[in-house]
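Below are structures written as structure tokens.
Shared between the two complexes below is chain A, which pairs with chain B and chain C, respectively.
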Partner chain A sequence: MNGIEIVQLTKEYKDIRALDGVNLTIQPGKIYGLLGRNGAGKSTLLHMIANRIFPTSGEIRMDGESVFENDRVQGRIYCISEMNCYDADDKVYKIWNWVQNCYPGFSMEYANQLAGKFGLNIKKKPRQLSTGYNTIFKIVTALATDADYILLDEPILGLDANHRELFYKELLANYAERPKTIIISTHIIEEIADLLEQVVIIKEGQVLLDLPIEEVRKMGYSVTGKKSEVEQYCSGRTLLGEEELGGMKTAYIQGEPGEIPAGLEAAALDLQKLFIRLTNS
Partner chain B sequence: MTINFESDKPIYIQIAEEIENGVLSGAFAEETQVPSTTEISVSYKINPATVLKGMNILVEEKVLYKKRGVGMFVASGAAEQIRQKRKENFFDHFILDLIDEAEKLKLNKTELMQLIEQGYQSGRRS
Partner chain C sequence: MKFKQSFLYQTKKMLYASLITSGVYVLLALLMLLLSHILDPKVQFNGVIIGYLVFMLVSGIVAFVNNPRAHVANGISRRTCYLAFLAMIPTVSLAIVAEMAVLRLLFMDVSTELDWVLEFLMQSYQTGYLGALFLLFLLLLTINLAGFLIAGAFYRLNVIGRILLAAVGGFILMVLLPLFVVVCPDAAAALGRFLAEFVASYGSLSVLLLLISCLCGACGYLLVRRSPIRSVKW
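For the complex of A and B:
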């Protein structure tokens, strides 16, 4: 498996360029975090991989084959998002029968088992379900398809803390049982950071960062101390941002901390803090 | 095992340290199997590659060893080996830090020694 290769992908709508010449390789068998601010182009990218919208220009290949209008390749991809590809007036178990036709690997037994754990009533129609249970219905369906590539656009929308925790555990159990490529796109960065192996951040339609999670912590750090001392320390270094509180100052700096002078406190930037610093306009 | 997600230490280092703590406390006895990568991954909601990275540190240090097709086991002598390693780190990570902090607080050597003595006598430590 070569994964998904995205080459010079551009999507233009009437007056905006949602994606602008994106080049990205999704390596197979890894859990990806696809992060970006509202309108950065995350959903557009996922929808194009899943053949739901077409690019203005550029190409997406899976294992060397174009993903566009290619049923064989699309049969290995399952995408959940706000855009639904089922009739919301059908009962959940009927939709599953329909999904099973397109994804022969779909396990009804496993889907029922997950529905039980989440308390999802499969005799209801998606239209009758709350926001949270609509999300649960989608993630249970995605996990049960056994597709090689699972694209999850906002998979924790409306989920309470208990259901989110259950989802993370079931996702990892599923991944351990049968390794696959999973792309998670969400704004709840802090909670999913440790689930990830690779992180992609997009900003204004372009890839800003594509790194293994372990490398992310080497991207930046913060230094706190007396304003004058922090400012002296910062000169000649690349600043990602700064905050002041009275005579104290915190500077967010790109790179790895070397020796920190006495009187200053250094701290690692976690994924969420780094994300905020990198995507603030 | 407790993983502190707020900590400055990378998660994989924390995984390795927590398994070491389990060995030191006897929770993971020598020549017994430790939880699998999958069990730790699911239980703590951490990517299995991260968990494996932590476990591999311990395999390299010969605290754990792999039994093909079975899993990871605690090596004999592992507890003593960990204790030895941590003693070596004790000076750098605790003693020097302690003196640093004492200096910040303008505590002199005699006062610091008295505090250590007091700590032993407080009954919490024996």
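For the complex of A and C:
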């Protein structure tokens, strides 16, 4: 399996270029974090992989075949997003019957099990569910399809902390049972950082970064101390950002920390802080 | 290709909806039957055929918006969805014609509409009962595809395009056409005679309806094949 190859992908709307010549390879069997600010192009990218919208130019291929209007390829992909796709008048279990017809790997037993854990009433119609439970309905459906590529666009929208924790636990259990490619696009970076194997950051329609999480974590660190000492330490180093409070200063520096002078405190730069530094204009 | 899954999904939904429509007519006819015994023996119930035509038009309109979305979400291409839709329409049209035939048998006392429409078709086109039912079948097919095409045009156009299409279409039908008839009666009569040729015989009417269906079907595919999927509020 070659994964998903995205070549020179561009999407233009009236006066906006949502994606601008994106080149990316999604490798099989990994958990990806697709990060970016609002309007960066994350949802556009996922919707294109899922054949929901078409590009202005460029290609998306899976195992050499185009993903667009390709039943065979799309049968291996399942995408959830804010988009409501199913008939609002069908009850959840009826929608699952339809999904099961299309995804042979869909497990009704597993779906019912997850529904029980999340407290999802499968006899209700989606429009009778709250925002949070709509999201739960979508993520349960996605996990139960057992598709080779599961695309989750804002999968924790409206979920309370308990449900979010349960979702992460079930996602990892699902992945452990049968490794698949999962792409998670979310703004709650801190929470998903520990799940990820690969990080892709999109900024203004282009790929800013595409690295394994271990390398991303080594990309930077922070030093905190008295303003003058921090400024002295930062001289000659690539600064990602800085914050001041009173006489104290925190600097975010690119690269790996070497020897830290006494009086300064170094800390690992978490994914969210690194993301903010990289994507701040 | 997931043609079978798509065909069964769409057919099941449409048949269910058509049975509900028929159920409503059965209830109305029963009500009329009751009223005609209590109040006035001449109470009649009509509008069945128009009702089914409206049902098929609306179903076609709804199909463009709903079907691709529910299919693409499940990894089925618009092409497969549309091919299954094309296979579904004659199936459902046949079922509706059968429902109409059953209703006619059940409610002869309170509904002569089915009778007189079928009688009119049989007499005008020198055809039998089955021939008249076949014309109704073609009409249902055509109107469903026309509904799909109309919905597709509005879905794909931008706001200005939709306004223009609605305004221009309405203007032509409600202003230009009547004006043409009043201002140029001879030309209108000649045009009328010309158009009447297409519906003069059973064969020409059948061919005309089939041609219109094919045209709507082809244009419908051109509109759906690259249509972006849009969300709806639940």
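FYI, the second predicted complex is superposed on the first by the 281 of 281 C-alpha atoms of A that agree within 3 Å, B and C clash if a C-alpha of one lies under 4 Å from a C-alpha of the other, contacts with A are read in each partner's own complex, and residues count from 1 in each chain.
The rule is short, and it goes like this: contacts are C-beta pairs under 8 Å (C-beta built on N, C-alpha and C of every residue); 3 or more make two chains touch, one makes a residue touch a chain.
Bear in mind that the values here come from a model prediction, so they are computed numbers and not experimental data.
Colleague: Have a look at chain B and chain C on chain A after the superposition and call it: clash or fit.
Modeller: fit
Colleague: Using the touch definition from the top, say if A:W98 reaches chain B (first), chain C (second), both or neither.
Modeller: In the superposition, A:W98 touches chain C alone.
Colleague: Once chain A of both complexes is superposed, is A:G33 in touch with chain B (first), chain C (second), both, or neither?
Modeller: In the superposed model, A:G33 contacts neither chain B nor chain C.
Colleague: Calculate the angle at chain A, using C-alpha centres, between the directions toward chain B and chain C; round to the nearest 10 degrees.
Modeller: Between the chain B and chain C centres, as viewed from chain A, the angle is 150 degrees.
Colleague: State whether chain B or chain C is in contact with more residues of chain A in the superposed arrangement.
Modeller: Greater contact footprint in residues on chain A: C.
Colleague: Using the touch definition from the top, say if A:G205 reaches chain B (first), chain C (second), both or neither.
Modeller: neither
Colleague: A:G225 contacts which: chain B (first), chain C (second), both, neither?
Modeller: In the superposition, A:G225 contacts neither chain B nor chain C.
Colleague: State the minimum pairwise Cα distance, in Å, between chain B and chain C in the overlaid complexes.
Modeller: So the smallest C-alpha gap separating chain B from chain C comes to 28 Å.
Colleague: Do any residues of chain A touch both chain B and chain C, and if so, which are they?
Modeller: none
Colleague: Within their complex, state which residues of chain A touch chain C.
Modeller: 47, 50-54, 69-71, 74-79, 82-88, 98-99, 101-103, 126-127, 129, 134, 147
Colleague: Would you tell me which residues of chain B are touching chain A in their complex?
Modeller: Chain B reaches chain A through residues 5, 8, 10-12, 37-38, 41-50, 53.
Colleague: Chain A touches which residues of chain C in the complex?
Modeller: Interface residues on the chain C side: 1-2, 5, 8-9, 13, 66, 69-70, 72-80, 225-226, 228-234.
Colleague: What residues on chain A touch chain B, complex-wise?
Modeller: Interface residues on chain A, with respect to chain B: 30-31, 165, 168-169, 172-173, 175-176, 194-197, 213-214, 217, 267-268.
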